[in-house]
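Please go over the structures that come below.
In what follows, subunit A forms one complex with subunit B and a second complex with subunit C.
Here is the complex of A and B:
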């Protein structure tokens, strides 16, 4: 079955979405990510969507759900690489992904995840 | 206003939703739409194509390249012979869904285009036509 690969980097899981996903593929990714968090004890998930030319309500919901599910499993999710045209369209569509942490690129996203993991940030949020 | 070119794309499966939005991307690029307008059209098409598959039991997308004096546009008709929508006002409400979605499909798609028309009713399928001008 077709799947989006999930890479493990230390305490984090890294997903790079490069294909135009049909709905079942998006659902499979959501399931795979939550089971990998449980299996590996990962503390963070980084989702890179710089390859996506479009995020509609279904993919947007998958991202929001994954972020919420990860949080319940004690892992932070950071969404990175959203293209400006995608951000504009998503907000006009009515989806602002309010509960999802974002960073401009993979490097800043990793920095944000590491900051969340640092003991000093246990009681508060770090700015990156 | 003249239709300069048109064709039909079948939308019967989730994979066809992907093919429909790729077709719309190419058409919008052909017409010289900017990246934001392309993205809005493709996203609206994705929502409406998915509705045709999930709620309409499959249908088709007819596309038309339009020319009106100096301006060009793209019109998309999404047609299905599914159960139709009994309460259109409710279906166009943000956040209302009869299925498992977010309820942003119809109302969201309307915000992403210049013209939006819908013809539906209980038992007579659904036809949604959207147009975006360059």
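Here is the complex of A and C:
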């Protein structure tokens, strides 16, 4: 079955979505990601959606939910690389993904996660 | 009816020079200095020739046989519109053909009142259809101009400028409606991706009024920018605008707002860890 790979990089997990999501794929990803966080004890999750060209309300909600689930498992989630068209669609759908951290690309997302995890730093400025 | 058609075509074919001369004297009576007499004459000659050819086969101005005539009228209308003629003046060019044409019909059918009425009616229909087409083409060319200007205005009013490393700004000018917000949002988000900008400043100094709809559009843009992973600052809020926003009960929380673009730039520089300093005189 088709699966979205979850890569481990130190304390972080990197999920790169390069194909258009359909509902079952999204559910599988949620299952995989939560169990991976539990098994590896990851402190941060980066979801790269730069390959995602289309979203619907289900995928939008799934992204918000995945991030909320990771937070429950004590892992910060940063959503990176959202395309302009996807951002506009989500806003028009009324999904502002409040509470989800965002960054322009994986590199900046990683920096943001590190800043979050550094004990001395205050909360990053992207938090809403 | 077959007889009637042949007759108008006959007049055109047999007495084109005379008809043209009479038509030209009609046109000259109305002429002004925006277009030269020789240009008008050339157009009139071409038109008569084309009508003569077309009317031999078919009386329906909408048919394919009349394509060349319609193309010529389109061309005439377009140039007249550009030269600043009114729709009435453009239509008169065609309508003034009626008098010389009717005169000839009357002379040709002097002995037969029924034929006269029939011929005149057929000729009227023909000239009216041509004039109608001219007016339609005239209006269309005017509408094209308006449409093009609207598009140009949209492009003009949404420039996204790079202010500093990783900082872009959008000085917004004019009223914000849904269509414009969409274009503004798209071009801004596109530039964020291209430049990799971390901070986008929307300057609304040039926005005359802010109502709930405009505020909602602004909030949408801010949310979209945040979703992309960049930050947004709104600057250029004039005192009246600040009062309106509060009176309307619009909540702009989570959005950084500044009074001037300079303040916004200062905040943006600080957030990206950059600074500007004066050079020490040596």
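Points worth noting:
Going forward, the second predicted complex is superposed on the first by the 121 of 128 C-alpha atoms of A that agree within 3 Å, B and C clash if a C-alpha of one lies under 4 Å from a C-alpha of the other, contacts with A are read in each partner's own complex, and residues count from 1 in each chain.
Definition applied: a contact is a pair of C-beta atoms (placed from the backbone, for glycine too) under 8 Å apart; a residue touches a chain by one contact, two chains touch by 3 or more.
As the structure is a computational prediction, the values presented were derived from the model and not from experiment.
The superposition on subunit A brings subunit B alongside subunit C with room for both.
When both complexes are overlaid on chain A, the residue A:8 reaches neither subunit B nor subunit C. Shared-chain residue A:80: touches subunit C; no touch with subunit B.
When the two structures are aligned on the shared chain, A:108 is found in touch with subunit C, with no touch to subunit B.
Using the contact criterion defined above for the overlaid structures, shared-chain residue A:88 touches subunit B and also reaches subunit C.
Of the two partner chains placed by superposition, only subunit C is touched by A:97; subunit B is not.
By the document's definition of touching, of the two partners only subunit B reaches A:56; subunit C does not. Minimum Cα separation between subunit B and subunit C in the superposed model: 7 Å.
Touched by subunit B in one complex and by subunit C in the other are residues 83-84, 86, 88, 90, 92 of subunit A. Across the complex, subunit A meets subunit B through its residues 20-24, 53-58, 60-61, 83-86, 88-90, 92-95. Across the complex, subunit B meets subunit A through its residues 14-15, 17-18, 21-22, 25, 35-36, 38-40, 42-43, 46-47, 50, 94, 101-102, 104-105, 107-109, 111-112.
Subunit A makes touch with subunit C in their complex at residues 79-84, 86-88, 90-92, 96-97, 102-105, 108-109, 125-126, 128. Every residue of subunit C that touches subunit A in the complex is listed here, in rising order: 182, 185-186, 189-190, 192-193, 196-198, 220, 223-231, 254, 271.
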